[in-house]
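Take a look at the structures below.
In the two complexes that follow, chain A is the common piece, with chain B as its partner first and chain C second.
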Partner chain A sequence: MNLGVIIAILRKDLVAFSRDRFYVFITVFGLIAFVVMYWFLPSSVDETVRIGIFQTGLDDMFEPIAAADSEGIAVTVFASPEALIAAVEDGSDGIVAGIAFPPDLADRGGGTTTVDLFMPAGTPEEYLPLMEGMASQVALLAKGSLPMPDVRMRTVVLGTDRVGNQVSLQEQMRPLLAFFVLLMETFALASLVSVEVQLRTVTAVLATPARARDFIAAKGVLGTLLAFAEVLLLMTLIRGFVGDIPVLILALILGAVLVTGVGLFAGAFGRDFLGVMFLSLALMIPLMIPAFGALFPGTAAAWIRVLPTYGLVEAIVGVTTRSESWGDLAPALLALTAWCVALLALGTVVLRRRVETL
Partner chain B sequence: MARDLRLGPRSPVFLTAIFLPVLMSVLISAVFGGLLDAKPRLGIADLGASDVTAAAQDIDGIAVSVVDGPDELRSQVEAHNVDAGIILAAGFDDSLRAGEHPDLDFYVSGGSLASNRAVLAVTTADILRDVAGREPPVAIAVTAIGDESYVPIEDRLLPIVVYYAVVVAALFLPAASILDEREKHTLDAVLVTPTTMKEVLVGKGALGVAMGVVLGVASLLLNQAMGERPLEVVLFLFVGSIMMAELGLILGSLVKDANSLYTAIKGAGVFIALPVIFIIWPTLPQWIAKLAPTYYFLQPVYDIAISGMTIGDFWLELAVACLICAALMPVTSRVGRRAEIRLAWAG
Partner chain C sequence: MPEPGPAIDVSGISYSYGDTLAVDDVSFQVGAGEIFGLLGPNGAGKSTTVKMLTGQLRPSGGSIGVLGLDAVGDVAAFQARIGVCFEEKNLYTAMTGRENLKFFASLFGIKSFDAAPLLERVDLAARGDDRVADYSKGMRQRLMMARALVNTPEVLFLDEPTDGLDPVSARTIQEMIRQEAARGAAVVLTTHDMYEADTLSDRVAFINQGSILAMDAPEALKLRHGQRSVRIRSRGDGDAVEETVIPLEGPDAADRVQRAVAELDLLTIHTEEATLEDVFVAYAGRGLSA
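Up next is the complex of A and B:
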């Protein structure tokens, strides 16, 4: 490979890129949109269910519940059912539902009385069993019974306890935003390659001392540089560089190489601008799945873990939210490296064949 | 039109028009449905066919998964595949009903929300009380209060799917098709036959309208949101598709190349998609949405399909939509004529 030739092609491509209205537009617009979207997302997680209560003569019952504020339930006592209903309707102080106990519940004799649950439209349905359970148990206590059977219940927390320190939607979105930026650069590279192939400017380039491998190497370097520079800028603007930064930077470089491989492949096959755009999108859709999967709790399904971008997402999530480092993320980074090599090789071979047949 | 329909499936735009609504539907139901409506998840390792398991599975507000054994349960809880888990030993129910003191380990995932832990703990306690045969001394009456017209977020996201179906099929498809024919000079060949530019525009527009309606209906059916007045929904989809097809034909005739077309659509996208934003966030001042032409078919489609309103509530919107379509018609014709003259000069 001829380094001078590669640099010359790179320089030409950078000029072509900077003159292209479309890519300048989607690059700048995309970056601004992603950064604005990130800062509009909630930066914390509200883990508390706030419930309004109306009761008379049950103050003793609510002391333990009020004390359990840190355990996910907060209770606000209202002076009248009307005040409770108004608070539930307005959602004031974040109250999501209300329970109105009948007056003097404790003093009532036999027979069943009624507890009113006030649920606004759109209340998450899991709050209904919570409210019913609370109402039943308070009623049992009020009547002098134990609220539940005498079970020796032991609570064990497994894994790192994140109560009060949950991963916010902002943090969950980081891999997805990084991926979208990489995706934009796949379009750009694929289109750049496709234009050179369609307009046969590549044959003009190859009439100079440049060889096909120089041309492909220049495109690979350009794609990787552009993708990496943009994702680096995005991660800086969304304060994504937390934890083990070298691991994160390596993962982003590998991500940039990975999408460059896809871009070379799509560019070699694309017949025109729209064809390239839709082919790139079709190739990138399965690659987006791990980033979407990171929004959900729990372990990703086995088929998601074998997708090329899983290692990238795992590394970003591991470093930024689980404070993981080289040791924890080595398998993910190795898998990502293997996919980078495979996709880059595939893109190179396909493009080389296409260039040589022109 | 027949030629475009025959050759269409080879075009990436055509394929995208078909698959994008499906993809959007899947994304909305999977990502937003699952993410915004995530129920607390309880894992149960049931070693003795306990009634607690069946009772938990009957509760709508929590998601219950039964796992193979205690080790599997602990590993599921630790991996946060469930928010909490319980192990029900053999004979647990008998012991409970006999008033003994059975052991119950309540495993909580470190990653679970405090609110989910509270919901699962209270619900589990209530199930145990129920299985033990201890009736609560109160009846519980649930009263729904507040805005009865509340629409869940998954339904409010529906206009995105309809928007993509109609805009990609009715606007992007004719625009890309005209532009493609201009760039490849096949339009020149067509115009040397007795076919006029007006007929080309009508043919391409008609295909866009047909695709817009079909894919709009398909995306609504896919989301089980056709509502009780499908014909009224189809009428607004039809008018909306005509409007979008006219805009597509104007764009396809005007723009220089595919890059410009895509930039124009992306740039104007925010304006075209304005009503979608205002449907998702109904507390925003709704008059702003009326500035976008797409409002006059997206809002009626949404309200008729989801909120049970009728065409009678949308006469004005229908009239405005028809007026926009009528106003765009001479513009389309004029722009098409100019494109024809440009082609003739270029030839």
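Up next is the complex of A and C:
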């Protein structure tokens, strides 16, 4: 490769990029919009535990429990188990769990009593012992005399089990916002490449000592630099650099390389502006699925793990919300690296064939 | 250092697009300082031939030597010494004319390139710092020509350099082509404009359906294949205009012309010779614009 030629093409592309109002607009506007959006999202989780209870005839028992509201516990009594389940499923009134006691609890002897504990998907797992303790306490209070019942909890998770995965909406949005930024740069790179192909300026470049590999290398460096710089800026502005920062930076670099491969591929095939936009989106939509999956922890199907961007999202989420590090994220980073190599190679081969056969 | 032999030596090159044979066993040589015209209708194989000569396409057979270098195997080496003016106006429109020239100079590894003399030469000195997007078609073509000259090439490939241009821009480019040849550059000019080929080229090759039909100096081709004659328009009886054609063949041709001039009431008199178009039709059975 000819370094002088690569630098010359890079400088020219930076000039072209900076003078294209559309590229500048989507880059600056996108960045500002995503940062503003991030800071408008709720940054914390409501710590008050709102519990629904079903048990006829024991309303006066809940006074001491309701008194605990000042300590972050609120109790709502429901008229039927069905109403309780519906409230837990919907999350209406902020109900995070429901406890249904057997109707004959007060009359029971000292035998085993089963109490149903309804938990919605995504309830913090720390709530589980709290719920169990509360249910036991209520059962004992309800009985009021010896022999005390042996309380057995039967936990029912309503919906997909996401117990323990609860994170704030801001944290959930981080991978998605990072991905949106990478998507924009993918589109900008694809458009830049496509214009060179359509206007055949690349033909003029290749009639000089510049070779196709120099041209593609320059585009690859430009795409990676732009995407990485912008996602770096975004993560800084949304205070995304928490936890193991080297792991996070490595993941973002790999993400930038990955989308550059996609950009080269889309740019090689795009016929015009709309074609490039359509192709970029068509390629990026499946790649965004893991980022959307991060919005709803626990909902991701197993097949999502094979998507190229799964490793990227997993690394961002792992570092920023689960305090994971190299050891925990090594498989995800390795998979991401493998996909980077594959997509960059694919983009390079396709673009090379395109420019050499113009 | 001048290489011995021709600047361009093409021997039996061919190229196919799928099943379509675009160039079939084409051979020619071009010397330093010579303007060589490749003349043919659209789709005849001119541009494909030039693409092979400039290293953009690899011929399926034959050999190409440019400046003594193997243009098939050692593309980068000879591309550093050639200039190409494409048929498409493939300029960077977001950049200025000066920036375009500087960028291409940097691709040739030219340090501290001064674009001013070239911009002056193509009459763009006053617009050199305007973006190419604001240039007219003629200005863009002149800038294309300037771009082909940034490395002072020893071989110049020009693909339809004056196609669709206004007469002033066309004349500017034609004059530059002559100047480059006078400097010693070998020039390969592809065109379907027979007048341009006739006036500019030292030699022309007729190409049709991928094959060279004939190759020689334009004058020689016209003399060989055209019929020389004198066409006289004279006043006849009353106001009637009569037309007489006297072939310039045979030992008494001069006497016949002399007699006609003496005896007729002349209105106009023209020598007539074949055009390159006529010669092409004689070879190909079709016109250049077909």
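The rule is simple: the second predicted complex is superposed on the first by the 243 of 358 C-alpha atoms of A that agree within 3 Å, B and C clash if a C-alpha of one lies under 4 Å from a C-alpha of the other, contacts with A are read in each partner's own complex, and residues count from 1 in each chain.
Throughout what follows, a contact is a pair of C-beta atoms (placed from the backbone, for glycine too) under 8 Å apart; a residue touches a chain by one contact, two chains touch by 3 or more.
Just so it is clear, the model here is predicted, and its values are computed rather than measured.
Of the two partner chains placed by superposition, only chain B is touched by A:88; chain C is not. Contact with chain B, but none with chain C, is seen for A:134 once the two complexes are overlaid on the shared chain.
Once the two complexes are laid over each other on the shared chain, residue contacts for A:277 go to chain B alone; chain C is not touched. Greater residue coverage of chain A by touch, when chain B is weighed against chain C, goes to B. Of the two partner chains placed by superposition, only chain C is touched by A:200; chain B is not. Applying the stated contact rule after C-alpha superposition, one finds that A:328 touches neither chain B nor chain C. Touch criterion met: A:20 reaches chain B and chain C at once. Overlap of the chain B and chain C contact sets on chain A: residues 20. Chain A makes touch with chain B in their complex at residues 20-22, 25-26, 29, 45, 47-49, 68, 70-73, 85, 88-89, 102, 105, 112-122, 124-130, 132-137, 139-140, 142-143, 145, 147-164, 166-167, 272-275, 277-279, 281, 285, 292, 295-299. The touching residues of chain C, when paired with chain A in their complex, are 54-56, 76, 79-80, 82, 84, 86, 88, 90-95, 99, 103-104, 106-109, 147, 151. Of all residues in chain A, those touching chain C in their complex are 4-5, 8-9, 11-12, 15-16, 19-20, 199-201, 203-211, 358. Chain contact summary for the complex, chain B toward chain A: residues 11-13, 15-16, 23, 27, 30-31, 34-35, 37-40, 59-62, 74, 77-82, 96, 99-119, 121-123, 125-126, 128-129, 132, 134, 136-150, 152, 176, 180, 183, 257-260, 262-263, 266-267.
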